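Each structure below is given as structure tokens.
Shared between the two complexes below is subunit A, which pairs with subunit B and subunit C, respectively.
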Partner chain A sequence: MRTNKLTPYLFLLPGCAILGAFIFYPMIQAIWMSLTDYNMITDPNYIALENYEKLFQDDLFWKTLKNTFIYVIGVVPALVIIPIFMAVLVNQNLKGIGFFRSAYYIPVVTSLVVAGIAWDWVYKENGLLNYILELVGVLTEPIPWLSSTDTAIFAVMIVTIWKGLGYYMIIYLAGLQSIPHELYEAAQIDGANWWKQMTKITIPMLMPFVLIVTIMSSIAGMKVFEEIYVMTGGGPLHSSETLVFYIYKEAFDRLNMGYASAAGVVLFLLTLVFSLINIKVMGKDKTV
Partner chain B sequence: MSIRKNKRKQQNLIKKILLYALLVVVTLFMIGPFLWLLSTALKSGSENIFQYPPKLLPEKPTLQNFVTVMDTFPFWRYLFNSMVVAFLTVILNVLFCSLAAYPLARMNFRGKNTIFILIISTMMIPFQLLMIPVYIISLNLGLQNSYLGMVLPHVTTAFGVFLMRQAFITIPTELDESAVMDGANRFQIWLRVLIPLAKPAIVTLTIFTFVSAWGDFLWPLIIVNDQSMFTLPLGLNMLSGTFTSDWRLISAGAIITMIPILVFFLSLQRYFIGGAMDGSVKG
Partner chain C sequence: MNKKNGFIALLLLAVMMFVAACGNEKDGSTEPEKDTGKETSGEETTIEFWTMQLQPTFTDYIQGVIDDFEEQNPTIKIDWLDVPAADLDKKILTAVSSKTAPDVVNLNPTFASRLASLDALVNMDEALTDEQKALYVKGAWEANELNGNIFAIPWYLSTEVTLNNKAIYEEAGLDPESPATTYEEAKEYSKIIKEKTGKYGYYPSLDLSLVLQHMVVMGAELTNEDRTKAAFNTAEGLKAFEYFTELYEEKLIPSDALTGDQRNTIDMYQAGQVAFFAGSQFISQIKENAPDIYENTLPSGAITGDSGKKTMSVQNIVVPSQSKNQEAAVQFALFLTNAENQLAFTKLTPILPSALEALDDPYFTEVGEDAEPSDLVRIKSAEQLVDAELLVPPMENYDELREAMLDALSESMLGNKTPQEALDQAEEAWNAILSK
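And now, the complex of A and B:
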């Protein structure tokens, strides 16, 4: 087909202009800014790696980095494993199963502010969770989940997990439905029980999806912000403060734009490895 | 023989009951927090909502809290803002992504691979790094407290371009060719041949974009400080700050805020689940 040489570029123009203006250009700006003392008030001065030096000497930065890792380590396994079982559960041929699928997906579509408020209320010292845990005998006295330095970050993690379960469940459900039925029939003829079928067929066949979910939930975990902002504000005593929350505070509360950008670059480098794997997986998919 | 059959039947029944029990337990975990919020929102002012052990159901259910909240909480204004932001984001996203996807799926031109790789590589850059310069750029463009300011940074995504490109690739090229015979130009092929056939992918992209635009909190929080431009999440966040201790009103506000997206989801759930499955398989 004969086409004007410019045609493909015209089609690409609007999208690429947006990506250029709101991703590539800001990316360069962010790196540049991380080498300056920009604070929105005075003109930026080039200060080389001073921001990074300051960052690595800041105990709070290390603490938020540690919290971020705790967060990822706590959230990712739960989001990789639990949704597999949920997907198996809602893949059963039962009456009304569509209702349950939808119910499990509701937290995914709800805004984090609503979710945060709902859980905040559940977590109150004289709230529902403490009551239930006392009822079943796990606790003898109530715990102030969100206002104790021991529990705050874990309490917020539960919300992240709870909100993500439905989403990853659906990804696994797509995986389950791509497994040929004959495999299970053959296994049943061989007398394999439920657990055997799960470990010998379902989980191995789901491995590509497990990889996708691991990467997606790791990246999301490293960028966690809204739950923290809404539920604990990083407290008490910074015990639930994560890297993105730290960046946000430095940038928009203290206007330390240069310094916050340096912390942003660290975040970028941390997520980079996972993103590269992610793109590789996507590339593989392309050939299918 | 019939005894064995009966036993089999009984086993199946037990299995079914156990499965349903499990399904219900998980449901309670997934929507329990919302139900608890609803119950609190329905409790009347004479009831002590902080009593321990908590009362699961309201003694005298009342809608009074909803009425009170609607008086102080400009729900309709926030709803309108949320809708403008979500619709603009969706329309521009679908338009820009499907335009960009067309040459990437169908044409040969210089720099094609480089451009595609650059687009995909934007997925590696966290918005949390970009938000600082994007904030400054938006200020310079006069986009603070505007719909465009909330929308523009999110109107093209690598995910969208990728999804649309995949959809176009699966459409047979013979269709393009026969359209050319009929005298169609490139733009007409895109509009009349490819777009109608890529509808499932467009639905997926629409739903994904809508939900993320609707629930977005971090970026509006940064770029909007004028209350009349607040979206629902921002408004609710402020409401919960205002009524710190009146949990009846906070609960009522949260429930009201939830209704629009819940209606959207429940009426389109078929596409949600199918689309999410498509989206995940494709990337």
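And now, the complex of A and C:
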């Protein structure tokens, strides 16, 4: 009897210890650091909210915040909607469908740095994209995709979307396979066409998964870093610099660890609010 | 219920102990730091030595130096760790912040100066005797000066050598034997090459500190003597801004120049799309990746501007002040950078030694019959060393300064501002940063 009560906690212990040491402890540490002038080398001094004051007066911080929102708004709908159709597509019982499932999944397991360099070649002035567009006569002059303030951030977004599609597709695929087949049979008997089945059965039944994907992709969108680091370095003129890139730069290029932590805390709060809104809004939809 | 609460408390305690253990380690290791240098007289001292991406190419060489040193100093043991270049900054920072810094590290001046500005490195001006200091190339030694302290011992050097693709020169009707030597010529050549071949002529990278470097070469002073005010808002500074803006507007350089890093420049040279660029340090890479281009490469002196200045890059050896064995660490650093060891190193790759004596070797002065482009790079590079200096000195808040200049130049190149307006913007930003 006694051991029965203990057992579940013992199972939890390793997980709690690891999470505590590597997630919660650093999180609390970062909040503390944001109130100091820590530079990784000398001992931190407590400076109250000075970092936050400086942060809110920094134009670049607001610019990166705006870029982050543009990024999330651009990336999340694509990552929520397109994978549904991809999942439906690869959910068919066709010969060799396994190949397509893996093919769509390959970008997910490709190193982002490698993918970033490859995409860099695609976007270059003399790269693949400009070449094709000129070949088919859409362009007469190459577009500097990554060096124009108008296009840089959107060009990088495409890479994030390309890389994420397969991952979310798998989540939806798991969702699709959990939908009872009888529902479709009944709908077919009632004369529902493919589109009706999609909108009346598939999508409503997938709502919990849509919620997960929305939260995950918006968090991922807010945390975007590697693509930008590899492809544009935040440029030109900070037009593709997002909040995480800004934090990285302040922390590791300039050793302003306290200041960067303050920006990190702001990012944490934003992500939290975002997730809460998502759960509230989508949670309601689920009951429809 | 009580039992349950008791167990939760126990669980929490376990987690807290685990977490506290992580924290304690840091405090524990701060203590022995105080008896700096004392251990060197003890039984056996172990020196932790970090290099920047030298394995596997130079494993035998470095291990050989270590073995020699250990043989001569039986009480000192060297513990060598090679770190990938991209990780070194972070790894050293983590080590310094957790007070477990290594004893001897290979760093570049820019990053080392950031550590030095926080007093994290041993001042070599005090650690070395005057005779020891005199063994090094003066410009290289002075390259590591920050606020009156010398924060590193120079290890290996290079000067900028232009690599010219002879085939493109010939295709454009230019003589590869008289390559561009000034910025003005470079622009003229670029125009001709673009017109005749559709390829790019000169591709100056704007990555890292290169914008600042171009400005200095063109004759602009970056700051006043005591580094408190910007000094580049002059005719020379304006000329530099105008130069790059014109190159960009007239499409004489690829638009990728604005955001691309140096990799971009090398890629295009290797692909035979750029006629010349400053890339002596990449000659081995070009030999391996693009043998045809390598065969067609003719090295020439660095492109200069009104100042006539030539740039020198320095790789350093530093001793973090957290080191518990500073004396032994400096001793090893001196051994590693002595003339004999440096000469052996420079024979493995096209770099120059910082030890004066090693530079006298015929290896750096005489061109052999069957000289390859990489040999010519070495000779050219050594030839320029006397006039070369570190053009962008270590500065506090360097990264912010660098970014402010690139931002301003980008405004001008993209046509958002005139070169003069952009220069004013840069001056204002620099004055704000320098007054911090």
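Definition applied: the second predicted complex is superposed on the first by the 236 of 288 C-alpha atoms of A that agree within 3 Å, B and C clash if a C-alpha of one lies under 4 Å from a C-alpha of the other, contacts with A are read in each partner's own complex, and residues count from 1 in each chain.
The criterion applied here is as follows: a contact is a pair of C-beta atoms (placed from the backbone, for glycine too) under 8 Å apart; a residue touches a chain by one contact, two chains touch by 3 or more.
Predicted model only: the values in this text are computed from it and were never measured.
When the two structures are aligned on the shared chain, A:M207 is found in touch with neither subunit B nor subunit C.
Contact with subunit C, but none with subunit B, is seen for A:L146 once the two complexes are overlaid on the shared chain. In the superposed pair of complexes, A:G264 makes contact with subunit B only, with no contact to subunit C. When the two structures are aligned on the shared chain, A:L49 is found in touch with neither subunit B nor subunit C. Taking subunit A as the reference chain, the count of touched residues is higher for B when subunit B and subunit C are set side by side.
By the touch criterion defined above, A:G235 reaches subunit C but does not reach subunit B. Of the two partner chains, subunit C is the only one that A:R254 touches; subunit B does not reach it.
With both structures placed on the common chain, the touch criterion links A:I41 to subunit C but leaves subunit B unconnected. Of the two partner chains placed by superposition, only subunit B is touched by A:G166; subunit C is not.
Within the superposed three-chain model, A:A186 lies out of touch with both subunit B and subunit C [touch as defined at top].
Contacts of subunit A with subunit B, set against its contacts with subunit C after fitting on chain A, overlap at residues 5, 9, 12, 16, 21, 25, 40, 124, 126, 142, 252.
The part of subunit A that touches subunit C in the complex is made up of residues 5-6, 9, 12-13, 16-17, 20-21, 25, 39-42, 124-126, 142, 144, 146-149, 152, 231-233, 235-238, 249, 252-255.
By the touch rule above, subunit B contacts subunit A in their complex via residues 16, 19-20, 22-23, 26-27, 29-34, 36-37, 40, 50-54, 95-97, 99-100, 102-104, 107, 109, 112, 115, 118-126, 128-137, 152-153, 155-156, 158, 161-162, 166, 176-177, 180, 186, 190, 211, 214-215, 217-218, 221-222, 232-234, 236-237, 240, 247, 250-251, 254, 257-258, 261-262, 264-266, 269, 272-273, 276-278, 280-283. On the side of subunit A, the complex with subunit B involves touching residues 1, 3, 5, 7-9, 11-12, 14-16, 18-19, 21-27, 29-30, 33, 40, 86, 89-90, 92, 94, 97-98, 100-115, 117-119, 121-122, 124, 126-128, 131, 142, 162, 165-167, 170-171, 173-174, 177-178, 209, 212, 219, 222-223, 225-226, 229-230, 244, 247-248, 251-252, 257, 260-261, 264-265, 267-268, 271-272, 275-276, 278-279, 281-282, 285-286.
The touching residues of subunit C, when paired with subunit A in their complex, are 3-4, 7-8, 11, 14-16, 18-19, 22, 89-90, 93, 96-97, 114-115, 118-120, 254-261, 264, 273, 397, 399-400, 406-407, 410-411, 414, 416.
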